[in-house]
């Protein structure tokens, strides 16, 4: 346990105040950040405006040096920069995903690709939101990238930028059916290979399952 | 009488398993029957009061060489190439060799019957307990009368060993490059 | 009386001792092996702060029998693509080899099967090494990757460590000057010293090699459960598996007996030639009485009536056997049995100590990796064994030709051997560091 | 003609002899040292590993789907079943994530008790890791010693909340149960004993040359690879990165306590072993500091019986025993989460297996799987 080993970064030193983006100035009306602004959280959702009791701590625009740098560099590809409960995120264009990812890693030092997942909004024009959580050791700061993709769209894979994305993208494919272009091994990861359907889509009921698969491979009649 | 029972027992097993070894198609089974043959021959050695030879047979042949045989068989699937290795006149040659061997054995047996005591069946008349310990006898002969052949044999083995090492090393280097 | 009956009777008359001893071995070894397992589990439990088997019989004493019954009535599973003939045959080889090699052993000055054959120790070693045929064939016949890997490992291990173990034995054989088991012990008796003190390096190497030969931890790679499930035994179940297990434990007894014979003075009691220590001949009785008294002492502290009753029973049993052991001293016509009884006691005590050593190592040490095992065998043990043979030979030469004091000669040569050993270990460390660095360096594929 | 046939035969023989084909060994899903139902396909050249492929999902229960059909409180017990040997840490992460979503904070007293329990859980998790890891490498005894100590921790859990394994110890907004009488004494006694006990493992393993031989330079993962592959927790620290979420972005009550972040140098299995051992000692120190002064006051924050967060989303991660455990929760304003994503440390760390194992021997596979410290319940969710 040599303590003299030089760690590449010393993130401890940064005060915890600085975390997760910088606070945004004035709150404006909370809107869904995706282009299809009208889309509401579907199914059981009720419109956000109906919860007026307290000043909602929901999404507010977010603006600082970082955002300006991103905007300068990618222009319209940065479709929105928002902050939600002091956590910042950028909404970006799926076409520019690779470039923004590379820039984030190399220039902005978001070197840890902490998580990658998706959310299904069936009623929106572009059905899925991909959520990438980035962490920078150098700045001790987290940033979320939000990428809206349609059902038929094949976003670019970021495996070559962050190898972590390999299994995470496979999981997204498994659960949502979003295929990533350029992924080295695009197949199911948690569910068996022959399974039909993508369970985390909202139209996949919780009681639903691939009864044919169960019958064939487990030799039992599914009880559901 | 006990002696002959033991002898025929071992001899019978040896012949039977030798035949099985030749006729089995499965290489591993052949190996197992070869082990049986060797073991029963070791038994015959013991019956002849050649304890040292008996133990050597077991340690060297059964414990060493056969284990290596089986090792190789296990690692390398020999079945396929062996089928193709069989050349056309195999049967003919085998028959010829067997015939020659049979004639040889016959001649020796006939000769032995004609000339009793002339080198083939030297029967010691001394009782078993009076015989000198044969491991000592063996080593004495080996290191005095047969010293040169013994040394030549050891050098031969050494050469084989060095050769094996060189070949293995050479292959490794070729793999790396 | 027909001639056949007569012949049979003659045969029996001539060989009854051998037959009885043989039957005793065949009958007792499975039981002994079973209880060795129980002892091992109990010892392990004790070292690991738990109780071990407690359910079957008092303190789990009937556990081996329950296990045996379970194994007997268990379903016999043979993999579909297994080679039937060899799959059936292989465990038998293992078992038979181990039991046969016991035939030549002397468990005391009188207890033996084979008459003192003049290559006794070679016979034991050679025949017991046949057990590996069973392992290899069984591993191959199972038609499973784990089994075959286990078999391959065990073969490589056998070849490496037989050599080292054999050479280590040579040092003691040089000192003894004979292969006869009885004579080896008698030489130690005449010299008034066990060979472990004359050839300590040889003993230590034999210890290591014998652990490897019996596939015990830390060399239990052929059956390393965390890597190869159960190695060559993976596909075996029920009684066939039990045969393997018995063979393994019988083999342990064999190597322990060989070590005892060669290095630990066989059935001799410590200081067998010192007259004033003759009271040590009473030690079997003393040990039994002490055990009985301890049981009585513990009986009062047992929480349950059954348990204290059991303790009483054990104590009484101990006293009974002690009384039995005492009869030859009191009743002089039975005095002829005395050396046999005492010899067997000391022999078994040494064998148990040796096996205890095995078990202790197993509970303490992690397992070697296969390449490390091979390195240890080929780069340290075998060269060292060769050097050791030379140095013992040198010592004998110095003594016989130059009239050195035997002890002086042996001390000098032993120090020489130890120097070589230290150098070999040093070399191996350097090589090991270089090798692992090479692995790290060559392992540079981009994530 | 005959020559050509002969040549073919010889070439074929050489191919078989020189091992042109690789052996594919299926390790698991039923294998003693894959710690559950992990299946690793190993491509072997002799005993050397040329490549691996993990087949996972045997324990998949669809936890994230279940979350969408439960209320926030109802879902809390489910997270205990992910990393079932560190259920308390899972619960902490989830509760804090929902609290963030609600923009409430747990009271101080609750935070401190949470910290104590979570650190005890870290020790328990590391103990289980140590025991099984040592068992994989062939040392039988440490497992039982570790279990003995872990038992003490589980007893404290049981006394606190009635459960030992899947504790569901925390509630959204704070705690349901007050610490029982003698809680501090129990924790203190455990911590005082533990000092001596940990020395036993050190005696058994740290200096043992076989142990060093089996772990040193095995499964090396340097800092750059760790970050690229997303491996966090002790694996990252063993590679020399002095980074711990408890320090970098303190949660619960960690900013109040003094502790060190242990780091390694090589990023090999031995370093990871040393890092985890030191982490246990540090956790012990945190517990000792925490029981000194548990603030008085309420244990439940201002959270209603019905939890209806304002629409929006939040990501919260904690330093679980195995690495970063993250929760990404999307609310649509109803009582049920719209989406819960769990970032399991085991799942991401397991990805590094291939990188760590290539070129090593089969025996090292178990050492590396052990050192990754995965729990399949969490990998598969």
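Per-chain residue numbering starts at 1, and chain names A, B, C and D are given in the order in which the chains are listed.
We take it that contacts are C-beta pairs under 8 Å (C-beta built on N, C-alpha and C of every residue); 3 or more make two chains touch, one makes a residue touch a chain.
All values derive from a computational prediction rather than experimental measurement.
Asks: Please find which chain has its CA centre nearest to the centre of all protein CA atoms in view.
Replies: Taking the mean of C-alpha atoms per chain, the most central one is D.
Asks: Where are there more C-beta contacts: B-C or A-D?
Replies: Between B-C and A-D, the larger count of C-beta pairs in contact belongs to A-D.
Asks: Measure off the straight-line distance from the CA centroid of chain B to the CA centroid of chain C, and report it in whole Å.
Replies: 31
Asks: Distance between chain A and chain C based on Cα centroids, please, to the nearest Å.
Replies: The mean C-alpha positions of chain A and chain C differ by 63 Å.
Asks: Compute the distance, rounded to whole Å, between the mean C-alpha positions of chain A and chain B.
Replies: 74
Asks: So how far apart, in whole Å, are chain A and chain D when each is placed at the average of its C-alpha atoms?
Replies: Measuring from centre to centre gives 24 Å for this pair.
Asks: Touching at least two other chains at once: which residues of chain C meet that condition?
Replies: 447
Asks: Scan chain A for residues touching two or more other chains and write them down.
Replies: 163
Asks: Write out the stretch or stretches of chain C touching chain B in their complex.
Replies: Of all residues in chain C, those touching chain B are 7, 11, 83, 85-86, 89, 117-119, 122-123, 125-127, 129-130, 132-133, 136-137, 139-141, 148, 151-152, 155, 158-159, 162, 179.
Asks: Of all residues in chain D, which touch chain C in the complex?
Replies: Those residues of chain D that touch chain C are 23, 25-26, 31-33, 47, 134-141, 143-145, 148, 204-205, 208, 210-211, 213-214, 216-218, 220, 225, 228-229, 352, 355, 358-366.
Asks: So in the complex, which bits of chain A are touching chain D?
Replies: That would be residues 1-3, 5-12, 14, 16, 19-20, 30, 41, 44-46, 48, 50-51, 54, 56-59, 84-85, 87, 111-115, 117, 119-120, 131, 133, 137, 140, 142, 144, 162-164, 166-168, 171, 175, 188-192, 199-200, 204, 206 of chain A.
Asks: So in the complex, the part of chain C that touches chain D is made up of which residues?
Replies: 44, 47-50, 145-146, 149, 217-218, 220-221, 224-229, 362-372, 432, 436-437, 439-440, 442-443, 445, 447
Asks: Sort out for me which residues of chain D touch chain A in the complex.
Replies: 56-57, 60, 62, 64-66, 68-69, 100-101, 103, 223, 227-230, 232, 240-243, 247-250, 255, 261-265, 271, 274-275, 278, 308, 310-315, 317, 324, 326, 328, 330, 332-334, 336, 338-339, 341, 343, 347-348, 350-351, 380-381
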